[in-house]
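One chain, chain A, appears in both complexes that follow, with chain B as partner in the first and chain C in the second.
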Partner chain A sequence: MKKILEQIRGNKWLQLGLLVGYIALTSLSLILAQRSVAAFLLLLLSFLLLYYTKLPNWSKWAIGLAIMFFILPFSAMQGPAYQEYMDVATLVGIYVSMALGLNIVVGMAGLLDLGFVAFFAVGAYTYGIFATAQASNFMPFGTYPLSGNSFWIFIILGCFVAALFGVLLGIPVLRVKGDYLAIVTLGFGEIIRIVFNNMDQPVNITNGALGLSSIAPPKIFGIELLYSNQIYFVVLFILLFIIFAVRSLEHSKLGRSWKAVRENEIAAQAMGIPLVKTKLMAFAIGASFSGMMGVVFAAKQAFIDPTSFTLLQSINILVMVLLGGMGSVPGVILGAAVVTILNAQVLNELTMWFNSLSTAGIITLPDAMSPVKMQRFFFGALLILFALYRSKGLIPAKNVVYDKRKFLSEKGTKKRLQSVAAPKEDEHGNTGS
Partner chain B sequence: MTQVWDTLPQVLIDGLTLGAIYAIIALGYTMVYGILELINFAHGEIFMAGAFIGTAVLIGLTGLGWVAVMPAIFILLLVLVITGGLTGMLGMGIERLAYRPLRKASKLITLITAIGVSFLLQDIVRFITETQQNNYIVNTPSLFPGSLSISGLNIRYSFLVVIIVAILMMIALEFFVNRTKWGLAMRAVAQDQDTASLMSVNVNKVISVTFFVGSALGGATGVLFAIHYGTIDPYIGFILGLKAFTAAVLGGIGNIRGAMAGGMLLGLLEMFAAANLSAITAGLLSSEYKDVFAFAILILVLIFRPEGLFGRAAIEKV
Partner chain C sequence: MAILEVEKLTKTFGGLTANKEISLRAEANKITAVIGPNGAGKTTFFNMITGVYKPTSGSIQLRGKSIGGLKPHAVAKKGISRTFQNIRLFGPITVLENVLVGMHTHLKAGIFGTIFHLPGVDKEERIAEREAYRLLEYVGLEEHYNDEAASLSYGSQRRLEIARALATKPSVLLLDEPAAGMNPKETAELTGLIQKIKQEMDMTIILIEHDMKLVMEISDYIYVLDHGELIAEGLPAQIRHDKKVIEAYLGKGATEEQEAEG
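Moving on, here comes the complex of A and B:
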């Protein structure tokens, strides 16, 4: 047994073969089984397996994209629960994006933000107000609702508006640190929610607690994207863009400044990192991801009201980041996926299962303890357990370690190093470790 | 303007009640922060648990027939002592299990744990209550019904009880911190843990005692809240705790007298806003914005005077 495992670990062709077999098996079972959440989840698990294979990066991406674009939608299409699966997949995409945004703020820059859902709300309301008749209450020109064609512009608009709010929150917050920051952001999140809840008078902007309903669905080439399987692809494109942005940001100058600020503000400042700009950028970029997904969320649900943007949601996203591993991009993606699926499917399924057990008279579970209601319990317990025993998360963040010899063997670098500071090679060679 | 004057006495009374409650909860935050530099998010939930435990004890005593025969004051004391003891133990347990292992970890992690504890407590209380009565909103039997009416002003008896008990608790705490040996040890640990431990102060024990005292006060306040307002649910603690924390910041965190003053001030301001906000702004802002008001105060204080109204600015050591 050990021998086989070792062989698998060493041989990437074997890994590829096993992975393809696994994907084929799970997607086939998803096609054959009429309604099987387990098969769906197992198919999603293939992404994690893919991450751990030793294939070169480009082929990992190729396989991953193939699963996301073809295998997953195609194999889910066969059953009656098609929209349900796609709905969950879309939600996963939305939450992964938000968690990646929060990961920049909390994980990379080390600024604890407990009101993150506010930016999501800002994005959602930006689209919601203009894609319903609501905007005609206060806009002196134009006819509302805007058609679904404007959705694509609003994605960018939502991104900028949320970034603006991020900066607005950031400016006053820069003076406070650590736990005070957490409280201020929490207060900010609550303020945004209360304001949206009460902006139905004197001018009715947000329609207050009633919320905005029948928001125009997005439209492309005259086709209305009404269903989850259509929105899924929109989310997928935005998500890929966000992952690309995050990955390139992580190792950029800005990304390294974030980490420096996280580790020690004063030392970072002494090394010439502009503290204000770096922190504001973290807030703005993190918020912009959330804002974009807010727009998509509003279009997908076609209905938003302030109760979708509570503190519980903010904590929810924080759990995703902590569970996956603060600062680790693959970790956060995993964490967000796990929490969303737990929320959207597993808890529901468990509740149904317990209900069927209690109607069959095997065990009786009081209604108060049905898993759907125990959300806070599970999240609280997860937060505590992970903070206590695995504070680095499921996939801990890795810093790139430069190989000194490889680094030196690059021609230009070598020359520069030799001409500038020959005795100090060590320091140059080991940056970033 | 006339409306503001007319409502002022009632606003003062309501504001003082709420302020007293904020003040005692703020004490719990401030004591823990003074010693560990940790915002104990779960403190609001301890207050909430206190409200529920107190109500349960009260209902139990009513069932035994004690309430009918004994004076209300005695019952109140009994409930306060039982609840305070239990929530004190709860606070100590939380510190022991969730915070102590992380004392050396980064603050971010500890804070996240505190949020976790707070969620856990909310849900545990919810499902215990819900399994008992199929509904998590509880009505507390009123111990001090009736009210005084002085020239159109409505003063409930429970208001007097809340104010008096709150003031007594604050005096007791002042005495405990400033005049007893444990209080001395607490102040020493707050100043410098390492030096205190060199002076043979048992730091862990002092921290436990701090949590016990803070949580007991918080739980007892929960009882007062339940008796005065009559309706409680498992989610009252979080926002109320947040506002109490605002009060603690307002008065200068780590400063016990500051927390009392900050709580009173915040309670009065909030009640004033609730009564008059729409009148002053000519209907522009409804009284729903009173929570926004409290948080705006918090943010303004943190930005312009982070040491609080009564605190001294701390110099950051590198």
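Moving on, here comes the complex of A and C:
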């Protein structure tokens, strides 16, 4: 047995073969047994297996994209649970994006934020208000609701509005550190929710506790995207962009300065890193991912109200980051997927199973003990276990391994960034922070 | 020519005067040492120059321009870099990345350029990596470039701090007890490195150090602090025989004994 495992570990062709076999098997079982949630989950598991293979990066991406774009939707398509599956997959995409955003703030820049859902709310309301008749209450021009065609612009708008809120939150909040920061952000998250809850007077902007309903679905080429299997692709594209962006940022000048600030503020400043600006960038970029997905969420649900954006949600996203591995992009993706699937599917399935058992008279389970109701308990237990036994998360953050041959041989590197001699004073005497 | 000129710099913490009207001139391409017993106020002096502490009074001028009261990152941008007495590396990231952080102010990559890999950004990154690697070679840490900074030995961590400080391309380099915790062999190597930096990089260096052998060997000029006050300054040969200095280090009576012996 050990020998076989050794062999699998060493041979990437064998890995590829097994992986393809696994994907074929799970997708086939999903096609044949549509009601089988297990098959669906096992198919999703192939992403994790893919991550652990030793295949070159480009082929991992190629296989991953093939699963996301074709195999998963196609296998799920064959039966009645299609929309349910795609709904779960869409939710996973939304939460992964948010967790990746929070990971920048908490994992990379080391700023504990307990009010992160506020930016999701900002994005959702940005679209919600204008894609319903709500905006006509206070907008001096234009006719509302805007059509679903505007959705695409609102994704970008949601991104920037949330980033702006990130900065607005950051400016006062960054005066405090550590635990105090957590408390202040928590307060901010609640304030945003309460403000949305109460902005129905004197001018009705958010429709208060009643929420916004009949939000226009996204529209493209005259087709309205009403179903989860359609929204899924919208989420997928945004998610891929976010992963690409995070990956690029992680090992860039900005990503390094986040980590530097996280590790030692004084040393980071001594290296010329402006503290406030760097932290604000983390807040803004993290928030912007959430904002984009907020827009999608509003369009997908067609209904939003303040109860979707509670403290519990913020904690949920934080749990995803902690569970996955602070600062680790693959870890956070996995953490978000696991938590979302547990929430959206596994616990529901378990509850249904227990219910059927009790109707069949096999066992009796008091309603209060049903898995759905015990959700918080499961998460609490899970977190404690992780804190004890795997405090760095499912996939702990890893450092990038540089290849010196690559940068030493790069053409044109004869050129230096600047001579070693004194930096030139710029003429305006401005330190350009 | 004096590159850095400090005039009557004072810092008080509540009732404690950590620095009292200290004036210092760091000559270009020279090693200026600041010595004194523990608690004399040396690190406080560095912290004021680098903007970590705001001076209570006094002025700091770099090439005739005031830098007093600037934020630390702005001071770094003006060309003053430093190492820390209590090592302040970015522990969990790699040795190479630590040096790359030092290049921060010289990299132009903006947020959109980074996300979309605009031409120039990746290239700039490669150039920076190469330069960072060269700096590691310079301090003798190139073999460890992919290691976690925290995993280095104490002496290596001190040298990494120097490499990181050099990465900012400073005109003035402040070293706060760079030999602390090093064995004699490492100290000897470090002495060579500091001299090499001075000569090959035309660096102006201000050095806080307790190792008198090192100080006397490489300093061009020495300032002595005690209880926050400047008690002596002069060439190494003068400081070596200064009564006040010997007293400050060995306590009163030391000079008398010495005189009795001599």
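Keep this in mind: the second predicted complex is superposed on the first by the 400 of 433 C-alpha atoms of A that agree within 3 Å, B and C clash if a C-alpha of one lies under 4 Å from a C-alpha of the other, contacts with A are read in each partner's own complex, and residues count from 1 in each chain.
Note that in this section a residue touches a chain if its C-beta (ideal position, glycine included) is under 8 Å from a C-beta of that chain, and two chains touch if they have at least 3 such contacts.
Remember, predicted model here, so these are calculated numbers, not experimental data.
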Exercise for the section: Once the structures are superposed on A, label A:G361 by its partner contacts, choosing first (chain B), second (chain C), both or neither. Expected result: neither
Practice task
Considering only touches as defined above, state whether A:L382 meets chain B (first), chain C (second), both or neither.
Solution key: first
Problem - chain B versus chain C as contact partner of A:A268, first or second or both or neither - result: second
Exercise for the section: Considering only the touch criterion stated at the top, classify A:I194 as touching first (chain B), second (chain C), both, or neither. Expected result: first
Exercise for the section: Using the touch definition from the top, say if A:L311 reaches chain B (first), chain C (second), both or neither. Expected result: first
Practice task
Return first, second, both or neither, reflecting whether A:L112 touches chain B, chain C, both chains, or no partner chain.
Solution key: first
Problem - chain A residues contacted in one complex by chain B, in the other by chain C - result: 266
Handout entry: In the complex with chain A, residue positions of chain C that touch it
Key = 50-52, 63, 65, 70-74, 76-79, 81-82, 84, 88-94, 96-97, 100-107, 109, 111, 114-117, 121, 123-131, 133, 145-146, 148, 164-165, 167-171, 201-202
Problem - Interface residues, chain A side, partner chain B - complex - result: 106, 110, 112, 114, 172, 175-176, 178-180, 182-184, 186-188, 190-191, 194-195, 197-198, 201-202, 266, 311, 315, 318, 322, 326, 366-369, 373-377, 379-384, 387-388, 391
Problem - In the complex with chain A, residue positions of chain B that touch it - result: 37-39, 98, 101-102, 105, 107-113, 115-124, 126-127, 129-131, 134, 136, 238-239, 242, 245-246, 249, 283-286, 288-289, 291-292, 295-296, 298-299, 302-303, 306, 318
Exercise for the section: Spell out the residues on chain A that touch chain C in their complex, using ranges where they run on. Expected result: 244-245, 248-249, 252-254, 256-257, 259-260, 263-264, 266-275, 281, 285, 397, 399-402, 404, 406-408, 410, 412-413, 415-423, 425, 429, 431-433
